[in-house]
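Chain IDs A, B, C, D, E, F, G and H follow the sequence of writing; residue 1 opens each chain.
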Amino acid sequence: MREIRIHGRGGQGAVTLAELVCHAAINEGKYAQSMPSFGPERRGAPVLAFLRISDEHIKIRAEVITPDVVVVLDPGLLNITDVTSGLKSGGTVLINTKKSIDEIRSKFGVESRLGVVNAVEIARETLGVPITNTTMIGALLKATKIVKKDSLIEPLKHRFGPIADKNIKAMNRAFDETTIEEV
Amino acid sequence: MLSWKDLELGSIVTEPGNASAYKTGDWRSNKPIRDQSKCIKCGLCYIYCPDAAVELSKAGNYETNYFYCKGCGICANECPRGALTMIVEEE
Amino acid sequence: MTRRFVTGDENFSPGHRACIGCGEALAMRQVVKALGDNIILVNATGCSEIIASALPTTSWKIPWIHTLFENTASIASGIESALKVVERKGKRKKAKVIAFAGDGGTSDIGLQALSGALERGHDLLYVCFDNEAYMNTGIQRSSSTPYGAWTTTAPSGKMSIGQKTWKKNMPAIAIAHDIPYMATACPSYPFDLMDKVKKAVSVDGPSYLHIYVVCPTGWRCKTNLTIRLGKLAVETGIFPLYEVEEGKYKMSVDPPELTPIKDYFKIQGRFKHLSDEVIEEIQKKVTGDYQRLKEKMEGL
Amino acid sequence: MTKRVGLEGSFAVSEAVRMADVDVLSAYPITPQTHIVERLSEMVADGDLDAEFICVESEHSAMSACVGASAAGARVFTCTAGQGLELMHEVLYIPSSMRLPVVAVVANRALSSPLSVWGDHSDAMAVRDIGWVQIFAENVQQAYDLTLCAYRIAEDKDVLFPAMVHLDGFHLSHVIEPVILPDQRQVDDFIPEFEYPFALNPDKPVSMGCYGPPYIYTEAKKSQNVAFESSRKIVSKAWGEFEGIFERSYLPVESYRTEDADVILLVMGSFAETAMLAIDRMRKEGKKVGLARLRLWRPFPFDEIRKAVKGAKLLVVLDRCISFGYGGPVCSELRSAFYREKNRPDIVSFIGGLGGRDITIDQYEYMIKRGKEISENGSEEEFEMIGVRQ
Amino acid sequence: MTKRVGLEGSFAVSEAVRMADVDVLSAYPITPQTHIVERLSEMVADGDLDAEFICVESEHSAMSACVGASAAGARVFTCTAGQGLELMHEVLYIPSSMRLPVVAVVANRALSSPLSVWGDHSDAMAVRDIGWVQIFAENVQQAYDLTLCAYRIAEDKDVLFPAMVHLDGFHLSHVIEPVILPDQRQVDDFIPEFEYPFALNPDKPVSMGCYGPPYIYTEAKKSQNVAFESSRKIVSKAWGEFEGIFERSYLPVESYRTEDADVILLVMGSFAETAMLAIDRMRKEGKKVGLARLRLWRPFPFDEIRKAVKGAKLLVVLDRCISFGYGGPVCSELRSAFYREKNRPDIVSFIGGLGGRDITIDQYEYMIKRGKEISENGSEEEFEMIGVRQ
Amino acid sequence: MTRRFVTGDENFSPGHRACIGCGEALAMRQVVKALGDNIILVNATGCSEIIASALPTTSWKIPWIHTLFENTASIASGIESALKVVERKGKRKKAKVIAFAGDGGTSDIGLQALSGALERGHDLLYVCFDNEAYMNTGIQRSSSTPYGAWTTTAPSGKMSIGQKTWKKNMPAIAIAHDIPYMATACPSYPFDLMDKVKKAVSVDGPSYLHIYVVCPTGWRCKTNLTIRLGKLAVETGIFPLYEVEEGKYKMSVDPPELTPIKDYFKIQGRFKHLSDEVIEEIQKKVTGDYQRLKEKMEGL
Amino acid sequence: MLSWKDLELGSIVTEPGNASAYKTGDWRSNKPIRDQSKCIKCGLCYIYCPDAAVELSKAGNYETNYFYCKGCGICANECPRGALTMIVEEE
Amino acid sequence: MREIRIHGRGGQGAVTLAELVCHAAINEGKYAQSMPSFGPERRGAPVLAFLRISDEHIKIRAEVITPDVVVVLDPGLLNITDVTSGLKSGGTVLINTKKSIDEIRSKFGVESRLGVVNAVEIARETLGVPITNTTMIGALLKATKIVKKDSLIEPLKHRFGPIADKNIKAMNRAFDETTIEEV
């Protein structure tokens, strides 16, 4: 089982990210589970979302505390939370940032496997708005291959209808543009 | 971490306004910048801020308290003099 | 300038967790500024409560109580009666009791408690923050949601234009209770709002304030439009500002000409599905209602 | 100077409220509680009680107004029955978790449908989880005494929980019996003026009713339950003081001729005294039978009931309430309380007296006999219903 | 043709409601139930479900509208949680006593105060006396299946009682998991069109809800309880049919690795699967432990639970609810059910998971171990609370 | 003569247990006569319900349901919605849904359910039988009890004149909901009453009838005065008969001159404690309110 | 005496108007007597009777049904012709 | 213990009769208990009230089924109820009637000890209204001496205030005018 935690802000679609990948995994025949952090957090407030993917029925139903992968939708969150908290050894952190891997490592002391991508720029250019959740799916897939990229197409279409294509494009671009540094 | 013995009778909170320690500035993605030279001290930014994040300094200037400012942009939008500009928060 | 007329105290302290650009939080701030210190606040469940009271913290610097969603006016009634006796028995002096509730807590689930409190004549001020839906639970329709608006429980769809009922007229219902003071207000007009709050608390007996508050999250609009949309609501006649004192009506803001409602609609996501015909239908109703309201005004 | 007078149960309660000098009353009329609100209204109208009577528009508001008034530091009272207690169900959790010493009298009534204005314990049992002190009266004197005691208990600084006194609808509320009324000074000694430590007050602002994220909710409930459990001893203490002043005594569990009893019948509320007549009759015939009554229902008197039944082989429990698809709640809880005891009695369950149906002396006797049979030979049913027409 | 899709718990329930072709929906939003009403609203707005959605002004009215619609012969649905279930408390007695097959889904939520939108079983337990069929789901597939089953059961001519499906707030309502959706024809076979025998209809006037004097009330309650008890076997029958059509099976009590278990842990709802992980871990270490879950809570499955636990020495019960001043209701009722059994297990009580607090695998293991200690050495406390910060 | 215009059917059959001379039972009889057979009746707890439904018997010949005191309008809403779908799905044809409740069940404990039903626009008729107190439970005050009247919970006494609040204006509250039809009626005017019932059921959407019913038991008057007192209530202007159709007001009975209220008061025990001053105060209020109401009438 | 098995599902009453077997005439202490010669058949006594105890006979006369009449006196009070008189019920 | 059942009609004051005698007995230091028949009976409908008087605390709290004395406030009730039902042997029936003992015995087959008084006439003449409850107390006291006549004075004063005297007079007259036939 792989456990993923997404950091975002209320309104940025962290939960949607988890859901989309969850659907993709289930459609592949896998077992998967996604959920928001349960609470009354408001637009703007830091929030979490969780995702588990497995080959068997998933019996645990609690927040992900020891993630294999952490996805950070908003670079500002790095200033205020330790996004690596509980990260399993060998785990990956994926960050939407315009900063380089080195800058992140030095500024925030991230020592794990690390991926960065300027998702804001991609989202702005592809979607017209700086909403980075579908974009960051690209980074996630690049870093983990947790599901096939194609598996996202149906969930994205179902979710976004007419603007699905743009989102697919954003995802693909992020997939291509994400830089990953193994450790 | 509070233990159950630390809770006040009926979970009453006896410290008025202690939520003010919570830094809602952390929520901000965009940030208002004030050009004091344009400002006419009308106070609209003060009275329109949902987060009471505009303060009148001793010197008589309106200033944004970034500890609380969430960056909604209302002040910038309503400033009659365009003295406020929203910029993207630095990473 | 503003500061000269307004207290610098923030009894509703910052650090609260309202959404970015929340009109309700702004209105609360303005109301509390006008209320002074000698008050006791009763808060219904809803955004107003949840954004300011996560244990073990509180944003409130005045005595504050929340219990449930639907019983705000009754809790307030109990406090007011207690203060009356306690003062009579020489134990403590009275404070003014203020109730805060959303439109759902007022025009739906809390209506009966409110009606009872108004009828019994308690000396209290009830403030309804009308953001036109149940926002705390995620944008469900209330009876105060305007006709045609999208909400999660009145979604637009193949068989639906969104909200199918016309907005319940809470101010009219309050007035039907023959209370000494009723007014509508909006934080886009802060001085008008604060004047009304002061008038309302000075009344002996029940008073009711219906405050229009923009909710960028629920209305699907930009966070910096909160003030602008409030003004548009007034300028289009969608939410007229007026007061009724001892049965006498008075318009607070009376635009010489009403702005077309589409100016107001087009910057909100919740109306974006509406056809021109429906907008036209709504425009007619707004104009008509505004006209009928004006006819009630004294000295017009 | 005490005096002995005839008082209807409802009037006895009202007298207690008057002598407790309650500040705020808030109640909504419902049979068979109406005589209490009516009598109190008269007292206020005549100036015999200096209180605000809030004539609310529903029971939901009645309890809410009490909560508000109590939070503002007033001594409060409400009364209701059956449907009324149901309608305020959600609100009842508030004073118990916010620690507000609201006092309520419930003239027990059966629940709809079919609508019944008559008594049983369904309403009382529906609130057994909520964290109110619950006390059952068995005659009119007790209705008076226990209402007074409710204030003494609820307002104790080591309690500060709401308290509910149950008197059976009609059977106590509408019956006139002799009552000994104490002197006002005795009452004043027993329940001194009350000051709530955190009353809503601009001079010392507090926030009451903040919300509890998962981070803190369990702790809040733990502290509530520990405080509630430990108020059990205050109940006994208060009753001790009561006896000192008023010379009548109460216990969490009260026994009648149980000393050497093999079989103990357990009932609650107004049926108890009639049941005594059955015990007397059987004792006359040489049967070793006795009666136990739970005077205190919440907090549940674990130790006291275990002690009271010690030595008996069989406990026969009469519930005046049915948990549909399960059985009698009192019986169930008693069994659970005895489950891990070494020398536990067998416990057999009867349900009866629903919706105002009387239980006769013969029927009590039947239950004891049939209970023994069931204890010896078993039964197909989880419980047996008494007095139902076949 | 069945299909396997990812669905949030709330959406799974909504799918079941849609496929059951419900006529009237009436509900009031409350976290964590909101996604159900929202999804159903969309279905109606998009014409995917031909139903009237009554957007009531409170839960009290939500249940009332369902009662009215059901009395008029419609298939109805409502859903709520926590405070909402509390606010409709009085109304809940009506469909059970009037025999109206209302179906409700409750996204379990803790009760105020402090306000908590998070899950526990306090709301579910507060309605355990009322005469509704109560069923607990433990994963999203079950949320779908059991909602369908609720119609099959409630509308059976030998049942005609309302039914409530419990899914834990957030832990099931807000979690997306894979769900196998059946074909519409399978659903139609399973729940055929419904005709209420006495629907309000001018062609055949009946009077519903007449009042019940003492002369008749006890008889009314007897007949209600007998009918309710006997609907227990229909529940099993319905689940049998369900298995025949959908190939998934349910039982009133479900066991996991209990065959030779000395100690059985009992939990309800969404915590069950996590508890299995603890059992697995302990089994790996050779410990003879197992897990039991009450799928059916009302009518209480006396025989089934007795059978399921047969042979075990100890039953460790986790309640997600506290009856203040007493203890855990599930534990109490289980003890009562075993009280008169010859070879009864010891039963030890834990309470935890309140207001959204998770229980970890370690904590389950702790409970089993500590349960054994208590069973052997006793304990000062009537129950122990899990996961509370000291 | 009467029989020519009125059905001989008694769907509310005699054998009911109302007090001797009960005005509520009479009003129910008249209303039911005007309703015809294709109805479903929902009854709140109260005298109207308890007098006619002791198990195992019923006075009702049309389908009838009672559940609780406060939820009548919601039960009715559920039935109405059910009938809508059932008809749409071709299973059965619709019947008109009628709700019966007392003044307590309407203006107090059932107000919120009623407001919700009116707001949602269900096709139903809600009838309030206003005997100005909770009579079923023994004459306790309601918000519909008139100022000064004695009741058991608003007794007259050293510190009290009886009811301390003015009667809640339920018709005005109903009208504030913008419903298509609202009318007041009284069984002392049977043809007016029955006409209004027929008009009300013919409306598509919610309609509200507020019927004044004399209760000899609670009003402490002779049992043979039921009709007389109803007429006096109208003739004094205490209970004006009028209707509001689509917002337009119309007076049904407009006495050229109002009878002094003391003629009405003096034959009722509930007012006998009132001093001349209080009666004068009430007279002023009645005259004023009547005047204000008349000003709302069309074509006056 | 009904047994619990005799009750209909949910205690529903399926016999419309069966309460009409209840003789409310037993409540009566005073009794209206009609002088048909004075009667003008206006029907007011019919429409004003709370107990539906006035009936129109085949012959076209209004007659009191004493099975139901409780003796309130309304009919007598409202009869425009004084055709009705209340007398004390015989023992 | 003596048990008394009162038959009346809603609004005639059967309950008040029971209460007044109950108070009198308690004031005498006795134990007593009174209660209405529990139900929603309306003005005009036949109703019952109950009274028990004893030298010891009364433990039974149920309707009186086997009365020692039956009091009938309204003669019309004789036509519709068997007022003697459950009467203990040696019990007494007291009836407000203008009929004679013989007429009652022959018309209604009452065989027990019997008392009659024209309470309506007394009430009309003394109180101005035909309300017979206080009047019938006189008959009860005459027939049973269950409490002293003087003991009624305080309860009557408390209950009726300014019109207590008239009621006392009515009671006294009935006491004098009641005819009792022993058996």
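A few comments on the model shown:
Keep this in mind: a residue touches a chain if its C-beta (ideal position, glycine included) is under 8 Å from a C-beta of that chain, and two chains touch if they have at least 3 such contacts.
Small disclaimer: the values here were computed from a predicted structure and weren't measured.
Each step here moves to a touching chain, and the least such steps from chain B to chain C number 1.
Between B-D and F-H, more contacting C-beta pairs join the chains of B-D.
Put simply, the C-alpha centre of chain E and that of chain F have 42 angstrom between them.
Per-chain Cα centroids separate chain C from chain G by 55 Å. As a whole-number value, the distance joining the C-alpha centres of chain C and chain F reads 33 Å. Counting partners per residue, chain B has 2-5, 7, 10-11, 13, 16, 23, 27, 70-71 as the residues that reach two or more other chains.
Along chain D, residues 31, 55, 57-58, 83, 87, 90, 94, 97-98, 112-115, 118, 205-214, 216, 218-220, 222, 356, 358, 388-389 each make contact with two or more other chains. Multi-chain contact residues of chain C (touching two or more other chains): 17-18, 20, 22, 49-50, 53-58, 60-62, 66-68, 70, 108-109, 111-112, 115-116, 119-120, 143, 216, 223.
Of all residues in chain H, only 19, 22-23, 25-27, 29, 31-36, 38-40, 58-63 touch chain D in the complex they form.
Residues of chain A touching chain C in their complex: 10-11, 40-45. Those residues of chain C whose C-beta lies close enough to touch chain B in the complex are 1-3, 6, 8, 10-18, 20-23, 25-26, 29-30, 52-62, 187, 190, 216, 222-228.
Residue ranges on chain E touching chain F, taken from their complex, read 23-24, 26, 50-52, 54-58, 60-61, 64-74, 76, 90-91, 94, 98, 200-202, 204-213, 216, 220.
Of all residues in chain F, those touching chain C in their complex are 108-109, 111-112, 115-116, 119-121, 143, 165-166, 168-169, 172-173, 175-178.
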